[in-house]
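Next, two complexes with subunit A in common: one pairs it with subunit B, the other with subunit C.
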Partner chain A sequence: MAEKERVGEVIEASTTTLTAQCYELYEIPPLGSLVKTGDSSAELYAIVYNAATTSLEPGRRPIARGKDETSEEAIYRSSPQLAKLLRSEFGAVVVGHKEGDRLYHHLPPQPARIHSFVYQCPPAEVREFGQSFDFLNILLNAGLPVPAEELVSAALRQMSRAHKDPRAFLVAAGKELAILLSGNLNQLKAILGRIKQ
Partner chain B sequence: MSLDLTKVAAQVGNMVARLKASDEERRRRLQTALDTLNDKSLDLEGLKKKIESSQTTWLVAGLTDGLSPRYKAPPLPPEFSILATDGSHIDVDRHQSTRCYLINIGAVVLDYGANPRAFLDSFPSLYFGDEELVIAPDGAKGRAQPIEGALLGIKRGVDECRRLAELAKELPKDSSSLALLDGSLILWGLAGQSYPEFVTEALLIKGFLRYLEEIRRLNADRRLALASYISFPRSSDVVNALRVARCPHEIIDTDQLCGECASRECEAVAGVQDRELFANTLEEGERSALFSSQSKIVKDHYGGHWVHFFYLRVDGEIARVEIPQWAAQDESLLDLTHSLVLDQCRRGQGYPVALAEAHEQAVVTGADRESFWQLVESLLIGEHLPTPTSAKSFSKRTRWV
Partner chain C sequence: MSERLGIVVSGSLTKGMEVKLDSSASIEDMAVGRFVTIEGAKRRFFGMISEVSLGMTDQRLALTPPDVADPFIAEVLAGTSTFGTLHVSPTLVIGGDAASLLEGPQPVKTVPSHFSVVNLASERDVELVFGSEDAKRFFIGNPLDMETKLCLDLEEFVKRSNGIFGKSGTGKTFLTRILLIGMLQKSQAVNLVFDMHNEYGWEGSSEKGTKVKGLKQLFPSRVAVFTLDEENSRHRQVITDFAVKIGYDEIEPADISLLRQTLNLTEQATEAVYRLRQRFGKDWLSQTLETREPEETRTLLDELDIHESTFQNLRRGLATIQRLPFIEPKPPTNAVKAILEHLDRGTNVVLEFGRYRDITAYILVANMLSRRIYAQYQERMEKAMAEDTTRPTPLVITIEEAHKFLNPEVASQTIFSTIAREMRKYNVTLLVIDQRPSGIDSEVMSQMGTKITCLLDNERDIDSVLAGVSGRNELKSVLSKLAAKRQALVFGHAVPMPVAFQPREYGSAESYRGFTASGKTGTKEDIEKLWE
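Our next item is the complex of A and B:
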């Protein structure tokens, strides 16, 4: 298994979602990617649904600085403190958990702990998690500020990349969605349009 | 009940009307001051001696390279670092159950050049021991002075300088750097009050000046300038030098002779501030001539760190930059100070960015103060220690009708 890539640390957590701060500015896991947190006794899986880069302090808004600079990089070079005063964070919706060796595609009994590390899941783990499509139901009903069709399609696209045959994975997911969204053909069409290769 | 602004408005109106009426007179005085500053016929050597011998109640700038020279900013070195510290504190609160104070020092190191880097951190220290709460004389003579109020403010300034010296020790050899403090290098708090000599000894001689000396010594294997920055200064040292220049008498003694003076030539520039003077002479980025402080505390104690200063025009504002004598007499350090202070201001929208960030690191808000005392109280309760607070403090926290 590839070395786990640590991407951040939990700074807010509830049963359904968690917010993590990235260790490096702009090093945010992609929208829809699978991340995990917790220790070996209880691991918690989540899918990135939102990300933001803001000032570290709410009262200090960034100002435009590049009028006399030639590139964006030059702005950061001439004001090295910026990287310390801005922060990137992302929100992830909890889609499952693992207790010992057993993987569950439903919400865990406890939310994540503050300051627990967040890792990007390596491809093998993504494939293991993607064996069941039960998480799609959570994503469709999560009621997040991001449209469900955007989030579901982003998650499926990300997951398909961990598979040898991405198309077969997406076709299987499409069939599952056809059942879940039999009463909402508009949404089904929107998602299928976004995962079509 | 908050302040009733409708009752204040009429009084503010009166104040503005008074200012408007005196505006014409102020402009006349400023013009006279400018004429004197640029008067080529002035005997500068004579004026320098006259300033040194004069006895005045007002502060007069000592001259080093004349009155009117101005200097363009030298080029920046390709790689340099800026160090800055600033502080904030929570004072002893006599309404609280515990006697203690907290000093929070914000520290910043900014590296510019090929490998830009930033270090921002804060260092809070809690002082609670009996020996930390007072400055006591060495022998039995004199009463120990409690460190609170104004004295705590001075101690904080000393701690800012100590942290700056510690940061400076980490600088690589052969580097070019500027260490920045906010405000004045002159510990005015000690000058104004009549503190016993052992307080000056503890805070100034064994404190502030010792750390300035540590910074000076680091120049053995690197270029390290030191400066303090005063935004929107209200000083009039240079204008007072012009007063001396205008005085027709050979000897000036404000206590003995000025009362009998009939001409009062010097009054023609009174009330003008140095800032107004240099706003009319300096171009963007230029600095004024170098002056030296003639304040008593500097003369008595500062020695090789004798405070010198110049004015700098940046972004339309006139700032006062104070430097110790060793940095003033070394042309390369003086140039480094001029170019780096200016560069810092330009990067920071008119105020040195390192100082602004050090302040942000140091700042203790009203909410922080409240949380701090709550933390103290909760830990005391956890240990079953008594936490009596005053009725006054309770009434401020719990308001009722």
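Our next item is the complex of A and C:
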């Protein structure tokens, strides 16, 4: 468990989504990557669908500071407090859970708990999760603010990196999508266009 | 080792099953006429692919085709949004229920359930259906695209009249040779072949011009070659057993009415023949042709109520017959008797026509000899039935250009339609070879037990061959897709289900060995059985 990369902490949770704050500014897991939270008895799997970096206080908007600076890094160097005044957070859509050793590709009985740690899944776990494409249906129907085709294609691209033969994985996923989206050809075409290699 | 093709998605018993192809199975590997098995929950079904088509989940895909130049997209869409479908007609149940385990394949009475898996039939399955070569079954070829042997039950085959059809040049003659050999080896029947083009007896030729051996060369002790044209046979260095001569008195009025069209006779002329026969008896032909004083002729015609021009028309027609060199006033030998003697000994008789290939000679001789042989058989059979003694050896008469004998106009007058209709009652059946099956009387066609057909492309011919067969629409698509050479479709009494096949090779030294050997092992096995 130790080698798992801890990326943040849950600050808002519902049955379908969770929001986590990152420990370090800008250290957000990539769009579409698989994260997990919870303890070993009940783990939740989620896919990052959205991320934002905002001011700590909702009413205080950051101001432009770089007029006299030469580079972006220089701004942060000259105003080290910035890293503490800003925060990065990401939203993830819950796509499955694990009870004991069994992996389920459907929603968990309970939502995540606030302050539970969020980890980025290692490749082996991504491969295990990617054995079933049932999560695609959840992603397509989640009704999230990001377009479903963007989210699905990002998730598949991320997962394919954990596989030895990314193309075979994407073809299999594409076939599953072709069945799910048999009535929505344009969406299918859009996703296939985004995952083709 | 079975290859999965897809799953059943819909269908009915009468219309056949729709099968959706798996994405792993390429539609281009499918072929009409191939065998498949459908693994139902309780039974295994055996059927044939009768149609291959393309389907798509969304019709809009056809309007805005995706970019299939991209292999990734092509691969994803294959088998999912775009897929192949097969139309399979299940014909038999093989295994699964008690009856099919005990008695072999049974006809289908139901359909497999939804999403039953469809596999390409294995060699073992095909063997289960078509049997393997044994004492009764003869290997006639391989089902298309398969290595398995297709065997025909020749005991069953010869029990009914059969037909071989196909356009000219599609391999009818080769197929007939194979079947004749089969009958010679595996059935109790003897053959009488009216060999119009001298192809079956001693040797024939292939389309490439090479010579192929005839029956006599392969089975010298079991085949006798009779000839109508001794000179021609000598010329071709054929060893003949008998030269057939036909006497005037052997020609009957029925033979003349059969030849009405070819001899260009009027209706009245053919009727006059019967009156002349009544007047002169057996000697009517020579009497009619005899030159008389005009006065004498007039008296005769008045007496018989025949018009002068009718008589002239008849004389012209009869003169054509008279000019045939094998027709003699008083022949020294009796051809019918000689043929029967050979047939009784179990020797197959091939009658070569030599140079007399015109249809007049063929119709006249075939009809006349068959009529008399059939009459003999009828007499013997009735006697055997009455006295409960051994019945005569089953006889198969092979005729070519059958539509000339069996067309609706003359069928009632020829002996052949009687044979075809009465079937095995008198142990005589027909093997009909023809290129225009539509010309054959439908009543005769419907009585044929097994039909083997090579490529036909005339709509009427196809319809007439397939008339009355269940699943004829499916068979039609198989039949019209046969290759122009060496492919045929067999269906009917002697096979459990229709099958497209490639006839076995005929013409190479190896193939001859195959033919002669399969007969010999039979005897060897029989001897071994005796010692057991």
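In this text, the second predicted complex is superposed on the first by the 195 of 197 C-alpha atoms of A that agree within 3 Å, B and C clash if a C-alpha of one lies under 4 Å from a C-alpha of the other, contacts with A are read in each partner's own complex, and residues count from 1 in each chain.
Everything that follows uses one rule, which is that a contact is a pair of C-beta atoms (placed from the backbone, for glycine too) under 8 Å apart; a residue touches a chain by one contact, two chains touch by 3 or more.
In this text, all values refer to a predicted model and were calculated from it rather than measured experimentally.
With subunit A as the common reference, subunit B sits beside subunit C without any clash. Looking at the shared chain after the overlay, A:Arg6 reaches neither subunit B nor subunit C. The angle formed at subunit A by the C-alpha centres of subunit B and subunit C is 170 degrees to the nearest 10.
By the touch criterion defined above, A:His106 lies against neither subunit B nor subunit C after alignment on the C-alpha atoms of chain A.
Looking at the shared chain after the overlay, A:Pro80 reaches subunit B, while subunit C stays out of its contact range.
When both complexes are overlaid on chain A, the residue A:Gly174 reaches subunit C alone and has no touch with subunit B.
Contact with neither subunit B nor subunit C is seen for A:His115 once the two complexes are overlaid on the shared chain. Shortest separation of subunit B and subunit C in the overlay equals 50 Å (C-alpha atoms, whole Å).
Overlap of the subunit B and subunit C interfaces on subunit A: none, as no residue is touched by both.
Those residues of subunit A that touch subunit C in the shared complex are 167, 170-171, 174-175, 177-179, 182-183, 185, 188-189, 192, 196-197.
Residues 57, 60, 63, 76-85 of subunit A are the ones that touch subunit B when the two sit in their complex. The touching residues of subunit C, counted against subunit A in their complex, run 23, 57-58, 60-61, 64, 66, 70, 72-73, 75-77, 79-81. Looking at the complex, you find that subunit B touches subunit A at residues 108, 110-112, 116-118, 120, 347, 349, 353, 357, 360.
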